[in-house]
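Okay, handing you the structure first.
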Amino acid sequence: MYNPQLNAQGELIHLLTTEGLPKRILTQILDQAAEYVENGELLNNKWQDLAGTSVFNLFFENSTRTRTTFELAAKRLSGDVSSLNIQASSTAKGETLLDTIHNLEAMGANLFVVRHSESGAAHLIAKHVKKGIAVVNAGDGRHAHPTQAMLDMFTIRHFKGDFTKLRVAIVGDVLHSRVARSQIHALSTLGCPEIRVIAPKTLLPTGIEQLGVHVYHDMAEGLKDVDVIAMLRLQNERMAGAFLPSTQEFFKYYGLTPEKLALAKPDAIVMHPGPMNRGVEIDSAVADGPQAVILPQVTFGIAVRMAVLAIVARNQKANK
Amino acid sequence: MYNPQLNAQGELIHLLTTEGLPKRILTQILDQAAEYVENGELLNNKWQDLAGTSVFNLFFENSTRTRTTFELAAKRLSGDVSSLNIQASSTAKGETLLDTIHNLEAMGANLFVVRHSESGAAHLIAKHVKKGIAVVNAGDGRHAHPTQAMLDMFTIRHFKGDFTKLRVAIVGDVLHSRVARSQIHALSTLGCPEIRVIAPKTLLPTGIEQLGVHVYHDMAEGLKDVDVIAMLRLQNERMAGAFLPSTQEFFKYYGLTPEKLALAKPDAIVMHPGPMNRGVEIDSAVADGPQAVILPQVTFGIAVRMAVLAIVARNQKANK
Amino acid sequence: MYNPQLNAQGELIHLLTTEGLPKRILTQILDQAAEYVENGELLNNKWQDLAGTSVFNLFFENSTRTRTTFELAAKRLSGDVSSLNIQASSTAKGETLLDTIHNLEAMGANLFVVRHSESGAAHLIAKHVKKGIAVVNAGDGRHAHPTQAMLDMFTIRHFKGDFTKLRVAIVGDVLHSRVARSQIHALSTLGCPEIRVIAPKTLLPTGIEQLGVHVYHDMAEGLKDVDVIAMLRLQNERMAGAFLPSTQEFFKYYGLTPEKLALAKPDAIVMHPGPMNRGVEIDSAVADGPQAVILPQVTFGIAVRMAVLAIVARNQKANK
């Protein structure tokens, strides 16, 4: 099957989604990130992978945090970085979006990092860029957030080693979460035998079972004996309708407290993509507790984004 | 006659307008830009022309596109670039503007790139900066946009060679266009024998004929046998009154369609300063057609801005 | 007494306030800044003091001017700089602020420059950062603005030499001014024998005399025979209530005019932290006159900020 993320040799030239990527590509990203983490001071060394490469961060949707991590990742690899916050005005429709892209290509862009509120934006751009130019999806609508999912995979592998013996629970607002989708695809491909999602019915997309996950509506059942708990952020800003009675109610049933955490394996790790809503989806005692790996996730996030940028830039260069 | 853009030796020390600049200066800019274009990979090489030079982009009027091209141009020449978006608040009057400038001088600025909604802002700044500091106008009110005009000249010379045998038509909202004014002055100086402007009466400034242009209100007549068509952007945001019945009406009479384009010479080129209003001043079939040189304009724009920055910085340095 | 700004060896590891800093530390900052000023072209040389150091400018309160000077200072020392404008939303409370800080630490931050509208924000952050990470206060609420005070000290020493024989008058809105507080502490420590504050009663904090200053409500008396006049900015944006009848009234009584300036010593210098409200707290004839040292202050401000960044980074590195 044709995969727009791979070239004829099966190498990664865009990262748009974890869906449909073969295991060897996911492993390549994790291995390359591990090299950055292991080789001395990850964050204070300068690599040359992106020397002479012009990286454009196109943020059609604001995200200081994700934009900053991509900027740091690109600079750490000696790339030339320009960040543009582009207002998603009513006129910024498909055609105009492509005009913007073609203009930036004409200015010498080699790599686009794209954040957009509409699902499919990064795919659209990847379809229309010139040969030799890479696109990395930094989150598109409810669709995908592949670098977030890959940093979660890195974190799991770092703390748990092998995916093939793990029970992983993804907890919270699955319906609005591009992170959850990308996690499920990556976990499946990497061989995780049991993926659970725990959420109220109103925050689950229909047909989620078809992705091979086990659905739970009760935390006590869902967390039992899991090795990894991946909390999701409650996307208040995306909830137009009345999906929830209240955030207090949500916390009561789905917030991760020490009591609920005690149901998981004693050495279970707790992940969260940030920024956290303390007291809504996670209790501070858990967020700051010994099982939380939330801050290591941030550090690994830089390494994983470095790996993704370096790999797609290298493969595009070789094929130009 | 005294020209604030030239020093006593007749060298360019500020670029404020194409008006009154001698042909040798315009040609120097084009020739230097050509060197950047021709010497290998324009956009992925690092020149040293601005090493140790502190460039401040002062954007009192927002323009992501122009700001980005100046940033790229300065970085490509190894300059240190700071970009400031300064809100044109009601207090940002003459005196305060100069306080801002003097403060930035005291911080070590060597070169100001200025975009301002008021005509004459760049001239005012150039008049008051310390000896040795250069000012480049990146668009002031309805007055001038010299680097845009010079990249258009570069594009024309690149595709057509000699200016002395060309018929050039400038089409659209001439009244609100600083680009049109700057183009007309540059074309005249470079020896273009026939410059036409095509626009409805409501979008033409009075006395435009005094610039030596031929005025047309009808596209069929105006486009006949021209070598170059320079479309203007319909500046919706600048049209306070009712200059136009509607944009549909405008497109019908003045939008560049394949049918109207067929009236020009078969090898005529079509330019547009961007961003395009597709279906308003230009039809997509033309914008994406074989005669459009709109994306090369963007690439040449980086080279021309590099040339301007390098030239004024060099001449200011020599005279300090 | 424990001082969170010093390590066990008594070296500066954070700069939060000039209050309680020993004279040798203030002198170290001034001496190091003097080295940058004296060694060739301050603003166009590249030092290596911050090579490999990741500096984050966290501006929870907008200040283009201060942010730009810190960016320039860090770049001049070869630091890697990221600037974040963080909206002080209602949710950006204590806990969330620290989550932000811990996230940036996990991204590899070595040094935070913090501007915040709440007094004590920089202290709070310094208390919670990991060992080895420095915090520099770029202004917190009404509390302190130590780098501004230190550049004023540098300016005084540059023009007047010895602090121990000077009469210094601080004039204007002392109540809302973090600058005034920081100046008073620094001047006292550096041995200035007579510090005066001149302000209407409504713009003076209660108990100001306890800082060892002499209070005047009349300019004629207060300015008599002073060596240094430190004007304060009228913080219009901070005056919620009716502290002033009008700015015209303020100018009449407290605005620095040539007539009032004539009461000071003939060689008195006039300082202002900028941006100036001309015609409110200072007359243009004074602002642009021969006794004003307002633009040298800006240049020295870069050098002083360079010195502070270099010193805290060096001391943190040694103690890691």
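We just call them A, B and C in the order they show up, numbering each chain from 1.
To be clear about the criterion, a contact is a pair of C-beta atoms (placed from the backbone, for glycine too) under 8 Å apart; a residue touches a chain by one contact, two chains touch by 3 or more.
Composition by chain, UniProt nomenclature: A, B, C = Aspartate carbamoyltransferase.
Note that this is a predicted model, so its numbers are computed, not measured.
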Copies subunit C and subunit B - interface residue numbers shared by over half, same or different: different
Cα-superposition angle relating the copies subunit C and subunit A, to nearest 5°: 120
Rounded Å distance between subunit B and subunit C, as computed from the means of their C-alpha atoms: 41
Shared-contact residues (touching 2 or more other chains) in subunit B: none
Of subunit A, residues touching subunit C in the complex: 42-45, 64-65, 68-69, 71-72, 75, 274-276, 278, 284, 295-299, 301-302
In the complex, subunit A residues that touch subunit B: 52-54, 80, 82, 84, 86, 95-96, 99-100, 102-103, 105-108, 110
